[in-house]
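Listed after this line are the structures, all set down as structure tokens.
Note that chain A is present in both complexes that follow, paired respectively with chain B and with chain C.
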Partner chain A sequence: MTGVLRVLRSVLLTLGLPAVILLAWWFTSAGSTTFYNPPLSAILGTFRETWFSAPLGESRLAVDVVPSVLRLLAGYGIALVAGIALGVAIGSSRALRAFAEPVLEFFRAIPPPVLVPVLMLFLGIGDTMKIVVIAIGCLWPVLLNTVEGVRGLDPVLRDTARAYRLGLVATLRHLVLRGASPQIVTGARQALSIGIILMVISEMFAAKDGLGFSIVQFQRGFAIPEMWSGVILLGVVGVLLSLVFRAVSHAVLRWYLGYRQSQHGGA
Partner chain B sequence: MTRTHRLAGRRTPAWALGLAGVVVFLLVLELAPRLGLVDARFLPPASRILAALAERLRTPELWTALGQTLTTWGTGLAISLVAGVVLGVVIGSVSVLRAVTASTIEFLRPVPSVALIPVAVLLYSTGMAGTLLLVVYASFWQVLVQVLSGVQDVDPVASDTARSYRFSPLTRIRTVVWPTTLPYAMTGLRLAASVALILTVTGELLIGTPGIGKLLGIAQSSGAVESMYAYVVVTGLLGVAVNLLARALEGRVLFWHPSVRGEVAA
Partner chain C sequence: MSSPANVADRPVDDHPGGARLEVRNLRKVYTGRGEPVEAVADLTFEVRPGELVCVVGPSGAGKTTLLRCLAGLLPATSGDVSLGGAPITGPPPGMAVVLQEYGRSLFPWMSVAQNVELPLKEKRVPKARRAELVDETLAAVGLADVAGSYPWQLSGGMQQRVAIARAVAYEPQVLLMDEPFAAVDAQTRFELEDLVRTLWKRLGITVVFVTHDIDEAIYLGERVLVLSARPTVVLEDVAVGLGADRDQLETRGDAEFARLRTHVYELVQQAKQGVRSLADAHLTHPADTPPRAGA
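== the complex of A and B ==
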């Protein structure tokens, strides 16, 4: 009995406020005749027909949303691989770190959206430009956090690995990447939100397809309910990506979370 | 082998290596276009970019734009800092509020702020308010989430002690909650400061709010490549300044905190 009540309570707590907000939006906008603020019912009505129109292969979901997300994943993947590889190299050598740090600090500080006009010169407005923009923008958080993580490795563990003559690959796998993974995940999380920003604005700047492109087109054509449906869809994509990220990072960091819990429990 | 390496590392101080890094980077940037490795129309040599920058620095246009960018950035950051801290402390201290709002916060936080660009354009055209909307939406969550976890981190013994001595809620917040939360709030501020700059420039580039980003966009579309790179350098320097400022502020505000004291001792 109490179990049922507890589940009911948590469901109510989770869904209560969102439901109140949606209902408030629904009813305050219901009779709205303001051009910019159409009724929520109208937005949801156009949502389906805008994004999921009849043959799924030709719907905007397949033509615009999927390519956007694929470009994001491609750029993000490149940034992860390059950032971790460079970060391990820079983090492992004191001299290299001192050598590269000022330049990296400068590049990290350039707001990544500025890259869009610069890379447009080199690469035009195609897929390559967008993937490269996303990759470069995502690179810095991954790289700098990996450097910090590798730098913060326990020196005793490092010496132990050396004393046991662990090979380079084994050291990398069991000591360096493992030990730095909490920081790498932190960097990857920051990179993901920057990646989503860059995905959208590289399409808003200049593109032929994509989620950001569609939203701006709707806005310029004053198709307001469609625009709002795009804004909502983009929000949903952001939330879904962060859920996937959380699941993956939980799997990667399971050892670390358990370790921290045992440390806290022990103390 | 390792020992000699370490000694060599100690002999060359870090700043000298860093300087060498900057010099090498500038040399590559100078030589790559001159040797034809990259097209000089797209990436002019470093010397020409720096010359363009020096020339831009003498125009009032750049300084006005810099002022506009900083105003948008500062206003947005201030709004989200105040809102984030106040709401964070209130929500964090009342467990019912925390439970009720948790799912909403988790849902709204990952919504990319750039989704609001079309809304901002419709509501505010190219004015500063549109960019402010983006800046506040993006940086508010950074502060709020940090402050919330700071309030959670308050030592339960300290909190119970304050309660049994019948501290008023305000005194409790000032003497127990705030000192624990402050380091988290500073982390939030540091993250928010750079996110706010990113979105300020984004708004200027895409919406056309006056500022450095707008000048950059104009330079790009009119083919003034050297000026464009000069503005990129300006935004980079601005970013470095923001990072340094946030870190210095953190050190100053948290001079009593072990994390900062440890750094000084090391």
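== the complex of A and C ==
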């Protein structure tokens, strides 16, 4: 019984505020005749036909949203692999750290959207440019957090791994990556939100397709309800991605919650 | 990872179970931020294959430093440490270590059983045998029922027993232990002491056992190495003539046990006061003349 109540409570807590906001939007915009602020009912009315029109293969969902998300995943994936690999190397070696740190600080200070016009010169406006922009933007949080995580590994654990002669692969797999995983996940989470922003921005400058491209196109064509529906869809995509992220990170860090609690003397 | 072709992958000694440990003029100075600290001044001793030697000394004497040098975890400043004739420059094969920070030496993302199993996997022990060893050793330290728990779900004493089980399951030729029973209650401690003696006798392994507990050192050891305060030298290498079979009640009630205990106690007291050689020590109970019964 209490279990059911608790679930109910958490569902209410999670969905409560979004519901209130949607209702408020719905009613305050209900009678709106302002061109730029159409009623929510009108926006939701165009939602289906705008994104999920008849042959699904030719709908905007397939033509615009899917390529956007694929570019995001490609850039994000590259950033994860490169960031973790470089981060482990830099975090493990004091010499490499001293060598790389000033450069890292410099590049980190550059806001990634600035890269779009620069990279357009070299890579054009195709998929490659967008994937590279996303990858570069996502790289820094993953890289810097991985470095911190690897540096923070308990030296006693390192000694233990050494004393029992764990090989390079086993040390990486069972000590370094697992031990740094809390920080790696933190970096990956920051990177995901940066990646979504860059996915949209890279399409707003110049593109042939994409979610950001569609929104700009609607805005330029004064298709205002359609534009709003794109913004909502973007939010939904973000929420879905972060739900997937939550599930994955929860599985990776299952040990960590209890461990942290035990370290703070809690039960 | 960092051990070149020195001791690696060659048979350590002709002794069946254990291997010979030699320490010659070992000196260790910690350099780093601030003043250099001379932890170990000059240590020379030998542990014969299959011998169980205990090391006692005041806190901060350099016992852990010595043990880490033996384990190949810490490079010596000068002098030699060798195992079975081969110099130790990195952790040698066939050696298991129980570190003083036992709690932090367990991987918090692995279950108790996985912690014990990991070094065995790395040693390429077949799966079935691994499971057997994990079960056996966890049962031997009384932790069979928490095999699936994470280490941080256990008490300090239980964590310490996991670290011991991991070392024992490894079936080493040399076992180094740094105050392994510091966090367990007296009753468990007696049981674990007997477990170490039993395993040592059964496997014929070489054991170096660091402790601050004088009674424990005498009860366990064939020899007790008494260290001076920092910078460390050997104050005395005390032979323990208590025989091979020891019993918590009888051995500890033995007159020879009492004599050794008094003697080692006095030595450690003198060491604390800065005495650095046996000649300078003022002992009220001379070592070589056992006191009369009842004294």
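Quick note on the criterion: the second predicted complex is superposed on the first by the 243 of 267 C-alpha atoms of A that agree within 3 Å, B and C clash if a C-alpha of one lies under 4 Å from a C-alpha of the other, contacts with A are read in each partner's own complex, and residues count from 1 in each chain.
One rule holds for everything that comes next: a residue touches a chain if its C-beta (ideal position, glycine included) is under 8 Å from a C-beta of that chain, and two chains touch if they have at least 3 such contacts.
Small disclaimer: the values here were computed from a predicted structure and weren't measured.
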Touched partner set for A:Leu121, first chain B, second chain C, both or neither: first
Contacts of A:Ile215 with chain B and chain C, given as first, second, both or neither: first
Which of chain B and chain C A:Gly31 touches, first, second, both or neither: neither
Chain A: partner with more touched residues, chain B or chain C: B
A:Gly3 touches, of chain B and chain C: first, second, both or neither? neither
Residue ranges of chain A in contact with chain B within the complex: 13-18, 21, 36, 94-95, 98-103, 105-114, 116-118, 120-122, 193-194, 196-197, 200-201, 204-205, 212, 215-216, 218-219, 224, 227-228, 230-231, 234-235, 238-239, 241-242
Of chain B, residues touching chain A in the complex: 8-9, 12, 14-15, 17-22, 25, 39, 42-43, 99-104, 107, 109-119, 121-123, 194, 197-202, 205-206, 213, 216-217, 220, 225, 228-229, 231-232, 235-240, 242-243
Chain C contact footprint on chain A (complex, rising order): 154, 156-157, 159-160, 162-168, 170-171, 174-175, 178-179, 181, 255-256, 258-259, 262-263
Partner chain A, residues of chain C touching it in the complex: 1-3, 68, 71-73, 90-91, 93, 95-97, 99, 101, 104-105, 107-110, 118-119, 121-123, 150, 152-153, 170
